[in-house]
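The letters A, B, C, D, E and F name the chains in turn, as written, and every chain counts its residues from 1.
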Amino acid sequence: MSASEKDRVKEFTEFRQRMNERILGQDNQVVRRFFALDTQTYKAGKLDLKTKELLGLVASMVLRCDDCISYHIAQCKEAGVDRDEFFEAFSVALVVGGSIVIPHLRRGVDFLDQLEGQGIDAPAAPDHEH
Amino acid sequence: MSASEKDRVKEFTEFRQRMNERILGQDNQVVRRFFALDTQTYKAGKLDLKTKELLGLVASMVLRCDDCISYHIAQCKEAGVDRDEFFEAFSVALVVGGSIVIPHLRRGVDFLDQLEGQGIDAPAAPDHEH
Amino acid sequence: MSASEKDRVKEFTEFRQRMNERILGQDNQVVRRFFALDTQTYKAGKLDLKTKELLGLVASMVLRCDDCISYHIAQCKEAGVDRDEFFEAFSVALVVGGSIVIPHLRRGVDFLDQLEGQGIDAPAAPDHEH
Amino acid sequence: MSASEKDRVKEFTEFRQRMNERILGQDNQVVRRFFALDTQTYKAGKLDLKTKELLGLVASMVLRCDDCISYHIAQCKEAGVDRDEFFEAFSVALVVGGSIVIPHLRRGVDFLDQLEGQGIDAPAAPDHEH
Amino acid sequence: MSASEKDRVKEFTEFRQRMNERILGQDNQVVRRFFALDTQTYKAGKLDLKTKELLGLVASMVLRCDDCISYHIAQCKEAGVDRDEFFEAFSVALVVGGSIVIPHLRRGVDFLDQLEGQGIDAPAAPDHEH
Amino acid sequence: MSASEKDRVKEFTEFRQRMNERILGQDNQVVRRFFALDTQTYKAGKLDLKTKELLGLVASMVLRCDDCISYHIAQCKEAGVDRDEFFEAFSVALVVGGSIVIPHLRRGVDFLDQLEGQGIDAPAAPDHEH
């Protein structure tokens, strides 16, 4: 991973963190409760964490929100989603949401590549080892 | 399930079937291939059928398409999704998509009730037996 | 207002009520909290009830959800929004959301007419008496 | 075309007409100007009427508005769009907008069938004669 | 406000201005009239300027358009919307539009902070002085 | 065209190309078929290439995807769409999709300007020479 790629992931994380603090520092109970509810939503229940994060990922893709996609890709990866599973989830999002999803897919795969510390110069094949 | 409720599920299924035939009867290869690809998308792979149908369901809910929601609810039910799991998937769709999803949630739950042959006069509690 | 028009408002209200009970009767805390938060959102704060309901109305129009539009039209009316104010809110939704909003505007105005007990045969002018 | 099918086209047209009159009867200049602008948009210019109506149709499909789709299908048909051309436009909408467009495609094709006075019992092939 | 933050507000304003001139310099009457209508929409009527700008802000948030959000935040601020009122409007957008709105909320609050000349190093509390 | 403008078009093209290779290098048949279908969609049929690309452009605008807009603007230009025709297509997108389309229109026109090698200092009139 190049320095600039590491920076993109870091920059995204820092801005997210800083603004969340700004927003939750404001005395608005509805906004605070919404953020708390958002966190609660992805706790393991009858559906496990991995499935819930995949649901969040696909929802974010069809609604085409890059930051939400990046966030859920990171969460899915931590929950053990592997490369093939990611692409099966992507394929659902692509078929349901259409070609308009493609630019977000590109940026999502780029983010995943960066998370995996696998730059563009790394050998792309065989894919099955991811 | 009342006669009119049975009719709604039946009417939905018949219209869907009839129009699919009309559409696929047309000599347009892109449309036909898209329909075939749509079917292929939900075949079990590394992610199992149940997970893929849940992904399709949540994607349909945040995009707010009643027919797609009904369709994936029926598929999920066949794949063994139980009532608690349905509501966990619904909760992801609700939090990601917002209150604008609520009217579709109402119609989705109504459709699920009808599928389960459990009319509005059936005892609503305890929920865990559904 | 004709019998069938009164029925439409009544049917909408009854389905909404019945399904809300079904949904809240389910043991899912995220869904229940979301419904509670939704109610809390429109309580008067620094912005008064009327302004908040108008915000909810315009948000529902640009997202094109007929049930949400009907609901907020009813709430706005109770909060004292008059016909001219409704149309100014409609005009914001129309210009921001585009002509795709028009069919929802038609159904919204139809719902408002029914709420006002003013059928299509009533004199349309002068508008200011509504 | 059965009586009930003729009724659906007629009912759609009458509601549209009646509500447009209600809306334009209101003294709101922004709304009125928007409606006038909407009409002006589809006048033939450097792009001919047929192309513009096809643009309106595909835009309506990816935004998934049944009434807008019906309207533009009717306008396209008057402008001379034939069955194969309709399906090529549909295919663009389907691929750009995804499977979420399919239910609207079904209703659109159903509306087109009704416009063409060709009920479901009519021979579906050969398609090229439409 | 740091130099780079001042630059972001300035850059946004300049690009907006420059491209509007390019667009309106083109001889297309529909586009020009749309821009004029857009301006007319937010003129004070029965609803005052502040309410209309808040409607525009919430509509922009649920449709998730960063530039529109920035623009209406600036207009709202000029119309006298204070920090608590901003957050009540944000809360409506968040609950109606869902968590998918959060990244846009972050950027909106960041833009508001910059407008207020209050950098990230400024004490975040008490919020009521804003 | 300044160096930095040339870079933007180049950077967009290179990222697109590189990520497409990454995505198609993955062993997922649904994703690959979707990409192939996307390409097939715009082949000339009964509707010519130019019309199909205009359909893709307007669909991308009302769905508000900058990358898709840039792509179809480039394809339209190659297919012979002139400046007046572009603006007529833009006007349909603007009226159907509303003012929320405007920021994307600005970036689209900026991209078109760069493609045409015509910086902001170039004389804007007469438009017909573009």
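As a convention for this text, a residue touches a chain if its C-beta (ideal position, glycine included) is under 8 Å from a C-beta of that chain, and two chains touch if they have at least 3 such contacts.
Remember, it's a predicted structure, so these values are computed and weren't measured experimentally.
**Student:** Applying the touch definition from the top, give me the chains sitting in contact with each of chain A and chain F.
**Tutor:** Intersection of chain A and chain F contact lists gives B, C, D, E.
**Student:** Is the number of contacting C-beta pairs greater for D-F or for A-C?
**Tutor:** Pair with the higher count of C-beta contacts: D-F.
**Student:** Have a look at where chain A meets chain D and say same if over half of the interface residue numbers show up on both copies, different if under half do.
**Tutor:** Result for this pair: same.
**Student:** Using just the Cα atoms, superpose chain B onto chain D and tell me the rotation angle to the nearest 5°.
**Tutor:** Result for this pair is 120 degrees.
**Student:** Roughly how far is chain C from chain D, centre to centre by C-alpha average, rounded to an integer in Å?
**Tutor:** One centre to the other, that is 27 Å.
**Student:** Go ahead and note the Å separation of the Cα centroids belonging to chain C and chain F.
**Tutor:** Taking the mean C-alpha position of each chain, the two centres sit 38 Å apart.
**Student:** In chain D, what residues contact two or more other chains?
**Tutor:** Only 30, 34, 37-38, 41, 59-60, 62-63, 68, 84, 88, 91, 94-97, 99-100 qualify.
**Student:** Would you identify the shape of the chain contact graph, picking one of line, ring, star, complete or other?
**Tutor:** Graph shape, chains as nodes and touching pairs as edges: complete.
**Student:** Residues of chain A touching chain F in their complex?
**Tutor:** 64, 83-84, 87-88, 90-91, 94-95, 99-100, 102-103, 105-107, 109-110, 113, 120, 124-125, 127-128
**Student:** Per the contact definition, I'd like the list of chain A residues that touch chain C in the complex.
**Tutor:** 29-30, 33-34, 37, 40-41
**Student:** Residue numbers of chain F touching chain A in their complex, please.
**Tutor:** Against chain A, chain F makes touches at 15-16, 18-23, 25-28, 30-31, 34-35, 38, 59-60, 63, 65-68.
**Student:** Quick one: in the complex, what on chain E touches chain C?
**Tutor:** 37-38, 41-42, 45-47, 51-52, 54-56, 58-60, 62-63, 68, 82, 84-85, 88-89, 91-93, 95-97
**Student:** For a test of understanding, state which residues of chain F touch chain C in their complex under the given definition.
**Tutor:** Residues of chain F touching chain C: 62, 94-101.
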